[in-house]
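You will see subunit A twice below: alongside subunit B first, and alongside subunit C after that.
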Partner chain A sequence: MRRVNRDQLTALAVLAPSLVLLAIFVYGFIARTAYTSLTDWGRDPSQALAANPVIRYIGFANYKDLFTGFLDARFRQDLVSALFFTVFFLAGCLLIGLLLALMLDRNPRGEGFFRTVFLFPMSLSFIVTGTIWAWMLQPSGGVNRLSPLVGLPAGQFEWLTSRTSIWQFDWNRLPLVTALVVAAVLVWVAVTAYREGARTRGHVAVACAALLALWALTGGVTVKLLPYPEPHGFNLAFVGIILAAVWQMAGYTMALYLAGLRGIPEELREAARVDGASERQVYTRVIFPLLAPITLSAMIILGHISLKIFDLVFAMAGPDNTQTDVPALLMYITAFRGNQFAKGAAIGVVLLVMVAAVIVPYLASTFRREART
Partner chain B sequence: MTTLPTTTAPSAARPRRLDFTRALLYLGLLVATLFFLLPVYLLVVTALKDPSVISLDTTWQLPPAWHWSSFADAWAKVSGGLRNSLELTLLATAISAVMGSLNGYVLSKYSFRGANLLFALMLFGMFIPYQSVLIPLFQFVKSIGLYGTIWGLVLTHVVYGLPITTLIFRNYYGEVPDALVEAARIDGAGFWGIYSRIIFPLSVPGFVVVIIWQFTQAWNEFLFGVTLTNPASQPITVALAQLAGGQAVSWNLPMAGAILTAIPTLLVYVLLGRYFVRGLLAGSVKG
Partner chain C sequence: MTTTSTSPAVRARRGFHTRRWLLTLLTYLITAVFLFPLAWMILAAFKTEAQAFATPPVVLFTPTLDNFHRAWGAYLPALTNSLVAALGSTLLAFVLGLPAAFALAVYPTRRAQGVLTWMLSTKFMPAVGVIVPLFLLFRNLHLLDTLPGLILMYTTMNLPLVVWMMHSYLTEIPAAIYEAAKVDGASVGQEFFRIALPLSMPGISATALLALIFAWNEVFFALNLTSSAAAPLSVFIGQFKTSQGLFWAQLSAAATLTVLPVLVFGWIAQRQLIRGLSFGAVK
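Now for the complex of A and B:
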């Protein structure tokens, strides 16, 4: 008994250094960043790099500037860009990864070769990928010169230098759009709740959705974040960056899906066929539903990577290209090139909140499931 | 470089229909292979061209003469970074692997109340956007005098590598039967005795996975490298970004630099791909 107790103490002592380091480097530093974001550090350039800068607490002024300030339109465009980037990057990786996995699951000859080829970009640095693809996407070379090889006219798309923005919306509409989107999600929650027979949960969700919709239609229409309309949309210069990102990460979803497909026992497919399912139904009714949890994991992992995307954009379009900017890059520029530390910290906190919104429920559900088993 | 088996597999049942789907399958694989390998072709071809023959019109053509000196020129630009990367990557990988192994041992065999919550809090550290800790980290590294040395980067990579190394070892040791540990304990082995005689000898595959993963991560990392170093201590990714980001007139240099940067991780991937994939899947927590 005494032996076990002493071993327990040793165990804790062994774990302690890691816990202390992570407590400081993760939670301590996050707290410090959060505090910095509430100060005016860097607003006065003469104080920014002083040995003992005069730093004053100014509340949420930095956040207010970022979301409604005249000078910070770039940040708002970056947020919109990051969301568009995430949507297309996810769609590309999931679709291509699933296709590749389905093909490899049919046991073609040279499967090992193909798997190696599809997965090798995962081992490269985003800087290497970015350097290669910046050259691939030169407006009058690379990808645009592929079609002449088969006798077609050369491509005309400007890739990284495009200045076109599509699907624009007015930033002032953001509260309205957010309210309506959340209301739609709540309606969906209510529908699934009623279907599962959870009446109370359904009622609450419906009530919240109705309240939000009511607010959107009465108050939300007139809310103005800015005194003027400010359009933001999807910058087409991102298309090439998304292409490069999918090139690098599609192998990851392929590996996940392939592991999932190989885990589905052959008897299950046989049983479905015996029950009269067509080859297509075997996929839509048996295999795809079994892959759904993998899709969710992949979405969360890739989603948080794409919200944090930094190096790839840096390498492909440079740090100072406003057309292809993302919040992670803007934070670096603001804090470490512009010495606006407080504003940089605020951008860092916004990024953290977005990533945490994706990751925390994922970690929580993983550990709850583990605790139950 | 893209020779593919285009013949369809022989099949006894339903030959006609199967042949057609088989052909479609190989066509799909061919298209996918082209998508993944065309950038590599362009990379190699451009790196081997003389700057004077690089033009956008002839991007896809083979070089008229092999021009190897791009590699020597690129080497001059990135070799300092390569040496820094090698040193800091090996150090950071070794330290975080050993610490991760011990942490995993504790968390899987000496679990205590609240261990799961603590572990979840540790894991959160590998998902955070590092921009949210970058300013205090920069100040901290500067205040302890490690700014502009590789040691600041080593420390950073070790700390932020701990969650994933701990995770992989914790799951790995979870497979080691508790009865084995219990038997050793009855034989009188203590914490370190059990680790050195039972756990550690079983750990080789775990170490391979962790070392490959950490090596790749630290080698490819850019944000910490560009924030915490000066030109003398910068890692190779930063050197490459500078080589490519300068008003590059001739593209052979950045391409040769990209090849030099990619070779170490690519070698690891080709030689130990199986373990690489295992680390990859472990990164999604449940795997």
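Now for the complex of A and C:
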């Protein structure tokens, strides 16, 4: 009995330094950031860098500015950009990763070599790949010069500086759009719940969806965040950055899918074939459904990388290219160039909440799964 | 009997062969696309500036080492900083994390899984969420632009990874081995140094490689916490680009030198890299 207690003490003693370090440096500092974001630090430039700055608590004013302030339109565009970037980056990685995995799975000759080639970009730092790609995507050289090789006119696209923005929408519509999207998701939740026979869950989801839709139709249409329309859309200057990011991470997705494909026993495919499934049906009915959990994991891991993305954009377009700005970059500029520490902290917190919304459910479910086994 | 029409089986096989051939061709094409950016950079490193800028691109040229010579002077301090920061932080992360992982693996309490998940959660948190207080703390402690500061930060960054990965390696050691040692009167320390450490060496080297790569590639903290004296390679490449944006051949040489170790390490530690990035999504 004493042995057990001493063991537990030893265990606690060796765990403590790690736990304390992480608790302070991650969650302690996050709490500190959250507090800083509620102050006016940096609003008065003379106080920003003072040795003992006068810092006042001003509540959520920084957040209000970010979402509805006249001067912070750049932040709102960054949020929209981050979402578009995430969608295309995810789609590109998943699609190309799956194709590469299927390719290697069907034709395993030389698999080791090809896997290494597809994976190697992953081990490079974003700053180096960003540098290479920035060079390749120069308007007057690189990729734009590839088309003359096959007899076409040289490309004219300004990969990283294009000012064209597509799929624009008015920022004032954001609450409405959000409400409708959430309502749609809730309807989907309800449908799956009913199908699984979980009636209570279905009823709750339907009720919430109905409430949201009701609000959207009554209040949501007229709500105004800004006194004027403010269009935000997908900046085409991001296309090049998405290309580079997909190039870097597609191999990783491939590795995940390949591991998944290898985990599907051959008997399962054989059984499907014996039952008369065509080769296409073997994939759509047997293999792809079995890969769904991998797709989810990949989406979460890649999604949180793309929301946090900083280095790739920094290396490819620099911090001052407003066309390719992302929240992390704006936070860097606001806090460390503009000395607006409180507003920078607020941007950090917004980003943190977005990442946490993706990661926390995932970690919780992993935890539950691990605890069960 | 000679048949002009081939049997369905033969036709199917022939179709299979054509498909397979096409698939192989496609694989090689994609391989070329994947290698192209890196190959282009390495080629540019051996060109003169004029050749590097030429359109259409110069393919045949006499390689020159001038770029490496010119980049070397500024590269060396950054390389030293990167090496010290990566090695120092990896070592420190192991000193702290290995005993912790051992404790969690060998004396599993009901909370072990919770502790691991909690540690892991810190790895996902965006750096922008901590950078403001971190910067101020470092300023007050005079840790800005110093290697100890950078090592401290990278240790925090790699610690959850080390604990998580080493925990999974250490749990693979059969409990019977520890039981036997206990019967022979081994202390906890002896169990750790005599059993866990030697038996998990492959895991340690794989995890160490991973931690080294992550520290080597890190940009955000380096950019915010260092400026010149302690600037590692990532910052050096970033600054090189903004300050001397037009010297592409020289930049390529510096970048080539920067990625070389990672290419080798990354090749050795492929599987760990996937595992480290996925946190239990794949095992």
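One rule holds for everything that comes next: the second predicted complex is superposed on the first by the 372 of 373 C-alpha atoms of A that agree within 3 Å, B and C clash if a C-alpha of one lies under 4 Å from a C-alpha of the other, contacts with A are read in each partner's own complex, and residues count from 1 in each chain.
Everything that follows uses one rule, which is that a contact is a pair of C-beta atoms (placed from the backbone, for glycine too) under 8 Å apart; a residue touches a chain by one contact, two chains touch by 3 or more.
Computed from a prediction, not measured in an experiment: that's the story for all the values here.
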- request: Put subunit B and subunit C onto subunit A via the superposition and say whether they clash or fit.
  value: clash
- prompt: Regarding the shared-chain residue A:P108, is it in contact with subunit B (first), subunit C (second), both, or neither?
  reply: first
- prompt: Regarding the shared-chain residue A:I30, is it in contact with subunit B (first), subunit C (second), both, or neither?
  reply: both
Task: Please work out whether A:S297 is in contact with subunit B alone, subunit C alone, both, or neither, and reply first, second, both or neither.
output: both
Query: Does subunit B (first) or subunit C (second) touch A:T200, or do both, or does neither?
result: neither
- prompt: Does subunit B (first) or subunit C (second) touch A:P121, or do both, or does neither?
  reply: both
- request: Examine A:Q156 and indicate which partner it touches, taking first as subunit B and second as subunit C; both and neither are also allowed.
  value: neither
Query: In the superposed arrangement, what residues of subunit A touch both subunit B and subunit C?
result: 7-8, 10-12, 14-15, 17-19, 21-22, 25-27, 29-30, 32-33, 36, 100, 103, 106, 109-110, 114, 116-128, 131-136, 140-141, 145, 149, 247, 252, 255-256, 259, 297-298, 301, 304, 307-308, 310-311, 314-315, 318, 327-328, 331-332, 335-336, 341, 344-345, 347-349, 351-352, 355-356, 359-360, 363, 366-367, 370-371
Message: Per the contact definition, I'd like the list of subunit A residues that touch subunit C in the complex.
response: 7-8, 10-12, 14-15, 17-19, 21-22, 25-27, 29-30, 32-33, 36, 100, 103-104, 106-107, 109-110, 114-129, 131-136, 140-141, 145, 148-149, 247, 251-252, 255-256, 259, 294, 297-298, 301, 304, 307-308, 310-311, 314-315, 318, 327-328, 331-332, 335-336, 341, 344-345, 347-349, 351-352, 355-356, 359-360, 363, 366-367, 370-371
- line: Note: in the complex, subunit A contacts subunit B through residues 3-4, 6-8, 10-12, 14-15, 17-19, 21-22, 25-30, 32-33, 36, 96, 99-100, 103, 106, 108-110, 114, 116-128, 130-136, 138, 140-142, 145-146, 149, 247, 252, 255-256, 259, 297-298, 301, 304, 307-308, 310-311, 314-315, 318, 327-328, 331-332, 335-336, 341, 344-345, 347-349, 351-352, 355-356, 359-360, 362-364, 366-367, 370-371
- request: Spell out the residues on subunit B that touch subunit A in their complex, using ranges where they run on.
  value: 4-5, 9, 25-26, 28-29, 32-33, 35-40, 42-43, 46, 55-57, 59-60, 99, 102-103, 105-107, 109-110, 112, 116-125, 127-138, 140, 156, 158-160, 162-163, 166, 185, 190-192, 216, 219-223, 226-227, 237, 240-241, 244-245, 251, 254-255, 257-258, 261-262, 265-266, 268-270, 273, 276-277, 280-281, 283-286
Residues of subunit C touching subunit A in the complex: 20, 23-24, 26-27, 30-31, 34-35, 37-38, 40-41, 44, 53, 55-57, 96-97, 99-100, 102-104, 107, 109, 113-117, 119-122, 124-135, 153, 155-156, 159-160, 163, 188, 213, 216-220, 223-224, 234, 237-238, 241-242, 248, 251, 255, 258-259, 262-263, 265-267, 269-270, 273-274, 277-282
